[in-house]
Amino acid sequence: MAIDIQLKADLPAITSQIVKTYFELKGIQHLDLCPLPSSETVVEIMDDLKEILLPGFKRRGRLTECNVIYHVGELVDKLHNRLAVQIERALCHHAKESHLCSPEKKFEYELQGQQKAFHFLRQIPEIRRLLALDVEAAFAGDPASKTCDEIVFCYPGFEAVTVYRLANALHRLQVPFIPRIMSEHAHSSTGIDIHPGATIGEYFFIDHGTGVVIGETCEIGDWVKLYQGVTLGALSFPKDEDGNLVRDTKRHPTIENNVVIYANATVLGGKTVIGHDSVIGSSVWLTSSIAPGTTVTMEKPSLRMKGNNHPHNFFI
Amino acid sequence: MAIDIQLKADLPAITSQIVKTYFELKGIQHLDLCPLPSSETVVEIMDDLKEILLPGFKRRGRLTECNVIYHVGELVDKLHNRLAVQIERALCHHAKESHLCSPEKKFEYELQGQQKAFHFLRQIPEIRRLLALDVEAAFAGDPASKTCDEIVFCYPGFEAVTVYRLANALHRLQVPFIPRIMSEHAHSSTGIDIHPGATIGEYFFIDHGTGVVIGETCEIGDWVKLYQGVTLGALSFPKDEDGNLVRDTKRHPTIENNVVIYANATVLGGKTVIGHDSVIGSSVWLTSSIAPGTTVTMEKPSLRMKGNNHPHNFFI
Amino acid sequence: MAIDIQLKADLPAITSQIVKTYFELKGIQHLDLCPLPSSETVVEIMDDLKEILLPGFKRRGRLTECNVIYHVGELVDKLHNRLAVQIERALCHHAKESHLCSPEKKFEYELQGQQKAFHFLRQIPEIRRLLALDVEAAFAGDPASKTCDEIVFCYPGFEAVTVYRLANALHRLQVPFIPRIMSEHAHSSTGIDIHPGATIGEYFFIDHGTGVVIGETCEIGDWVKLYQGVTLGALSFPKDEDGNLVRDTKRHPTIENNVVIYANATVLGGKTVIGHDSVIGSSVWLTSSIAPGTTVTMEKPSLRMKGNNHPHNFFI
């Protein structure tokens, strides 16, 4: 095999140039003995949580009434340890945004990590209760589903909602970073982007799902069904007197109970309310509220029809 | 490291609470000695199938006319065993939806699993023939493609169609669950959602692809090209007299030969037919049939133009 | 366990049928002692590159000013070797499209592979500089982001732009195949499709991102922000006198500095220029140029409102 010796001799100079940028640029390196939460570990934690939430569907089969308590007991114990460490790192790193993380502070965050992990795990029964209702909603809402098992097994919408309910529980415990790592991982595998800060009720179903965006300050009621490409987004980005974005205001819509929003519809604005028992048709674009019991469809858009086309010489 | 002993002592109570829900809630646990099909194994089976469908492009390189038969022969044998087991589990589980899976029934499903796996593998030559035509269509239809290899190697549209043709073959053999596991896995990695029950002809090409939805009862002809965000979906969900969804009716459109459907177009309805040699323009929304040879575009939507804007204070 | 012996005896016939198609069909097998680039290795190379670009955020934690140079030095050396091999395979395979890859040619490609890998790595400092500006743009443009770390850690838009900047650097070094493998891998995990041949300026931000398509001949300036579902695509596909697609012409739009394009907007055409300081509103569809400083929104589409709806009996 041919080797260019001169190039090999020049590689250390490249290394030096790269390392130099670690001290010149801002924001894209983390050189610190205090490690960040690990995305890889958070993903493993989510896999273990799914084993507990949906036993028998994922890794471990042949679970029965007799042996399941051992399987779950061991997972709960392991989860508590691992999650506590990740939460402690998240808290420690978040604190450093404003001041140094001293040894006393670190000890405090270790204890907080274990407490928050504990309180999170206490919510698993309630999360399971909600997921059972979500599966019911999916089966009721999708004629292509033959069984509930199919939904649990492989529906991306159910996967995304499962992760949302976990991430939201951590978010409400004021755990930084980790909820977002979870939701963006689900976004990557399902194409569905639900911010952990959103509030979503019971019997929630997303069908197909690719392209759905649910913003941080959305409020969604019960028995709401969304299709692919639906955006529940922001209408404007207010700024403060220094010209910086104002964070933490309600920017995303409220969807009341028993609403269906069809494919590629867009609903925007913190003050926009979709009244209960409404239907938002496919591709509709809304920036103002809708009274309860309303069906909104696009005025049938004018279409130009022309014969004798050339199928392969057109626009995309 | 700080440890909160009291929390550790309280973890078993959480475990008990969680396990209690396994006997109270419906549909989201599978406690049974009879295991479900394994998603992980089905994904490995798909990887082995791609080795056979597209030899030299995936895992194993340096395949030649001399050694390829050993490589393929071993994979075929391994695939038959593994797929037969998964099909048997799927059949057994599906049967339990209505009655108990007795030992005699289990034996019968083991044999059926092997037969269906065999008949599936017999279809590989025909699937390869179709994929060769799909690659030809992709190269003819995409000016950004420099070589056919590039298409096989990394085009998500080709990946999604490959998995569809495999899942559809299993679907036509009345194998439950597994076709859906396959297509949802492809959906996750490509953003393209093709139901295994759809019927798709020859020379089929999806470019870019993210957001494409092809419904269960779609019928698509030859030389059809779709772009990202195209939905071929349902128009209404009929219900029976008890108010439950009617399943297994034709709800999705028919696309005849030699049609191009551009980005983000939506075509809905079981009675909707897009006539051959038609072009459906970008963002068009259709719920009724189109005669052959028609070009359909949006009436150029009125746009409001305004000078002196503030780029960062607007809606999304 | 039941075994159908006759089926097992018939499997070799299936193997023969499959292998027969390897010599009858075109384009979907690679039987050659000269292996193709390996997608798996290219993905590992990208993971190593991210370790260098964003140290401390990915695999390796506890990096400090003292030890980072060893970590990076080792990665750079390993990367140079691995990337050189993949580039050499890509060059060799690309050459075979026209003529045989002789031993002398192969030696030449080995040297070229090492040179191109070297020149690629020399660009890492500049790529880091650009990524630091991209993070700044993301933080300035997204009110849901609390810290810059969050953006580096898990924003899919930032992930897609990172891979684009790597793939584009290789593309400009005339490396075949590998840039496309990289960008399609990012497409799979983020839903964002950026062709490596596109030209993108500084302070670039994609929020949410699922469904974004940026075509091969796009030119994008500085401080440009895109939302989910935005297509910057082609308007027509010119053909030569033999009816084949003309490749390598400018088919995609130019976006000048300081432009915001909101969700699901579509901008098409190689001659289309979006003037600087413009805003393209959500769902707008454009095929002609816009003067600088213009805000373009849809004329508020007529919506049909109807009371007393039936939420579950409508179209998708």
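Order as written gives the chain letters A, B and C; numbering starts at 1 within each chain.
Criterion: a contact is a pair of C-beta atoms (placed from the backbone, for glycine too) under 8 Å apart; a residue touches a chain by one contact, two chains touch by 3 or more.
What you see is a predicted model, and the numbers here were worked out from it, not measured in a lab.
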* To do: Report the topology of the inter-chain touch graph, choosing from line, ring, star, complete and other.
  => complete
* Asked: How many degrees of rotation carry the C-alpha atoms of chain A onto those of chain B, rounded to the nearest 5?
  -> 120
* To do: Would you mind working out whether chain B and chain C touch using mostly the same residue numbers, over half shared, or mostly different ones?
  => different
* Centre to centre, by mean C-alpha position, how many angstrom separate chain B and chain C? -> 23
* Structure fact -> Among all residues of chain A, those touching at least two other chains are 140-141, 191, 210-211, 229, 231, 233-234, 237, 263-264, 268, 282, 298, 301, 312, 314-316
* Structure fact -> Note: in the complex, chain B contacts chain C through residues 52-59, 61-65, 68-69, 72-73, 76-77, 80, 107, 110-111, 114-115, 118, 121-122, 124-125, 128-129, 131-132, 135-136, 140-144, 146-150, 152-156, 189-191, 208, 210-211, 228-229, 231, 233-239, 263-264, 268-269, 282-283, 287, 298, 301-312, 314-316
* **Interfacial residue positions of chain B with respect to chain A in the complex** => 1-4, 7-8, 10-12, 14-23, 25-33, 35-36, 38-40, 93-94, 97, 141, 176-177, 180-181, 184-185, 187-188, 191, 193, 195, 197, 207, 210-211, 213, 215-216, 225, 227, 229, 231, 233-234, 237, 245-247, 249, 251, 258-260, 262-264, 266, 268, 277-279, 281-282, 284-286, 290-291, 293-299, 301, 312-316
